[in-house]
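Got a structure for you, questions after.
Naming follows writing order (A, B, C and D), and every chain is counted from residue 1.
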């Protein structure tokens, strides 16, 4: 940590800062620049130190020089992690993970038929919401445990492992019983008690980035899970909130290569939420794979104009299958595979 | 709801949209403009309709014409709500509510002494964190229930009602037992299960705006609480996340008069989080009261450079007392009172 | 245009709104919904009408139903435009346009050698800054006209057409004399006098999106140029400003397919500015092409740690050549070509 | 400047960074922390250095320790500047500057009558647009020089000094001839050639903050003007662009006290653009004065529903007079004056 001292500080005032540093058990190393004096703080970093030092008189700014996360960092592990989610599917390896299915599970036939369709198109994981976070208390909030049972039926029929969202510690046992991967949604990226709890169990966890989550905060949220002992974390970029109103969210493509540089965890792209518009899903899915994403999460509904949630961003079975053929071409160009899908160039 | 149809749609295609509207039990009212055809949807609004209609072919855009919240709206109640939090203190009336105290409770002496100091300076509610949301899992996360007991001691000594944050349904009974007002933090603004649960009990709830929460989403989050039967909700503006890096958050002063126009709920300003810099707290507190805020929430610590959290934005006892004298002048200018504080013009 | 009237408006008050509409020469069409009354405004739209109507008592909101631009819209022209920039190069056709070169031109050898290197790697347009917008008045602001002459030399040597930025109407003759494409930078996206002037001449113009330019504003800025008679406009997405501080800008990948849906104009991606970090340039270039971009603009410098501007985001000659091989694979997967570059899969 | 080196760098690699620093004529000062090595760069800062060093291998991050502006900094001048704009009016002193008038000047009667009305209500400067930046090329763009002559007439009638916007170097002589203060609009905050030119003449300049202008960039833009020799610069906060869509812009109240801490230049608040909604103008004006603003800029129109621009955010003559009485109370509470206006408490 480096402390920049304002030019008018007297030696006594600097001495006060140095004393406060030494009181924390660290050493202070003063150096004189042309225009500013700088104090290097030698010793272990701690989250509260920056605020403490910034509160002191004559401190102009405080700069951290180390990353605040450790277990999720690339340098901690060396190479990328590959997460085994069971039923022969891994995330982070050469083969892309494609999670597809409806936003909300509406009934058993609905999820089973969608599962069959997305599997036929090349998806290797089934998604479906049982507990739905909704802005309005008057919106459909999911079928809850009943939906989890339908999801299990769809898994039995197709063999696809399943991912579903956990919104609260209240439902952790139910979700962990049925799901192969537990999803933590964007609104819960910093629900720290929930992160602790999914860190204490062993099912893989997919952690979505919050709407205004900085990359560093997102990696720290993942660190919560790893710090509790669960190393099986998958990240998911799903768009951030910006000034642009032409789409629901702005898909942050930069995050994909940067996260892979900073962390060993795999990263999935969700172009359905990342755009909010069905006609943008395929090009953004292709872009994400080109940028290095380890997989995709796609909302698919047999009849989007009857969907109880997220119809505007859902693909039909046919458009999903078309998207998969386009993605397969990109996957091949970047040396990744998408098993059982034949590539076709996107129509312009 | 109004649906704008693209110009190339044929009568058959428009008929399909109309049929879908009627299938939902609403009526369709077609009108022809100079350049676009428009379909008015007559009947009750529902959250999922917009997405359903947007997913249809030849629909260019869908416009909602009613507000999605009801119980929190100004028109539902007519005038402003005044929330009684007990011990003779109300929020939303003529007298300003001033909540002051440390970010985290560090020990009994710390909170008791701070309580005495902030009361002497004119605060009428004591704040103090027992459960702390922290970006890093390695940061101090609060003393938990032990801190709640210290808070109760400080209340006993000073007579001030207390507010503290609830982070999880796990701790709702403990927090509801000790607190006079339950705070829902910015990161939990859309933790819908937690909102449901604080809606089912009867202690007043202060709901902070999320870092990227739009006003409408914030009011819908409050609607969750009222919809469960608890009308005692206080809103708190605490700054939003923007591109500006010169402060931790950007205090959204516009939100104060707009919320008062849209809703009957009282609104409190938190300039400590809204700026993240102690030297900006007093001017922003004054601005918020000038714009119509019903009160303030201020972080105060006897020695900010020793605070275990949020030192950079905490006021000392002395600077808090100075701020209160400046705020008193503004309060008086807008016809509000701040009992027992003598006004003094701010130094320039 | 649709006007939503507040529920408490009396018939007289609504009559006043209707009279104001008719005074503007349009017709008013009143319809009654379940909760709100709505007035459709029938007749030509005009930019000032929305503000006028919003200022009236009892008007809750005003919704536009037509797009505010015409000449740049996809529906105006039907299909995509292909811009001929001379010397055998077009933008918007099947072959990708790749504009590469240094941020600033530093001397003749520098630009000539870079031109030779980027041409060898597959670039078909040379970029180089003569007039540089810089945040600080103390930074290097370009060599001006001298740099334009060096650029002409590099064109003569390599045969590559050249693009350079025009910052002010003061320099329009000089820039138009030397450049094959005139660049309007992000900070000038809404410099409307400059847009008028480049609209009055006939050299192709590349219009960068402003840091906080909404898609609609950007298309309206292009409309300024077309409205003056110059149809040869190329758009360039170069990243927007968001809350994320991990990169200089956030490349808005969603903009690429959306602009192609809304407009007939070609769109180029600038991953150098869109990320600000050299190690992210190649993956974002690949993503942009996968999403449908018509070309790329890339900063290349023989020795980025000696560059007088934008060193952090510049590629060396070698890394640019590597990027081109990776992009070629993506181009092929989406049915585009990159002449003379052999594809290689990106290293993971 | 401080360079943080990645932990795996070898002594040779660090030697390469040190050599590059010395090549620029600065000294390198290496220090070893617990987890990172740090190199202090001793010598004058320069804008391009950060980018150069960031482009080097094994450099993790580069931190500036000095502010990039000098002439505008508070420490350069010691205390606040008071700008004399003639006709007995100053900006930055004890008396608040209130600039009021229409967005666009529509004809002579319009501006003269508005001038008389705003003067009667307490305004001491007349604003009025002759050249208008408009998003759409089809919108009313102002009457140009004809409007400047009307403005001069209104000045003659009322004695009020006038402020009007300059959009381009093309019109600098005309605007400088008629205006007492030259306004540079938000879209031109970084139109550097225009900044140079208004720096070379001597009329006072009011520089609005850009929609996505960071405080530091805004102060650097002001530095451009001072660096050319014109010290008479007034800053104007007019709202920034954020994710919130409930208002046109988000007024950044934090900017007011922070700018006063960082710079000696006076700062004006524009709540008309800062909110875009007439009903929010008065509370935000009051807030801005409470936070320390040196004055206000307010759009006033006799009949906002007939205004050719910005009707939705314009006050009528009556509502402006009411706002002034409310502001007077706040001014008095902060020790500022608003001559000839009798304070009244705002209605709640």
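We take it that contacts are C-beta pairs under 8 Å (C-beta built on N, C-alpha and C of every residue); 3 or more make two chains touch, one makes a residue touch a chain.
Computed from a predicted structure; not experimentally measured.
The chain with its Cα centroid farthest from the Cα centroid of subunit D is A. Annotation: A-C is the more contact-rich of the chain pairs B-C and A-C, by number of C-beta pairs in contact. Averaged C-alpha coordinates put the centre of subunit A at 30 Å from the centre of subunit C. Distance from the subunit B centre to the subunit C centre is 38 Å, each centre being the mean of its Cα atoms. Residue positions of subunit B with contacts to 2 or more other chains are 212, 241-243, 245. Residues 20, 46-48, 50-56, 68-69, 133-141, 167-170, 187-188, 190-194, 210-212, 217, 220, 223-224, 227, 241, 278, 304-314 of subunit C are the ones touching subunit D in the complex. Across the complex, subunit A is touched by residues 80, 212, 214-216, 240, 242-247, 250-258, 261, 274-275, 277, 279-280, 283-284, 286-292, 326, 329-330, 332-335, 343, 345-346, 348 of subunit C. Taken together, the subunit A residues at the contact with subunit D in this complex read 2, 4, 7-8, 29, 31, 33-36, 38, 40, 42-45, 60-61, 63, 65-66, 75, 212, 241-243, 245.
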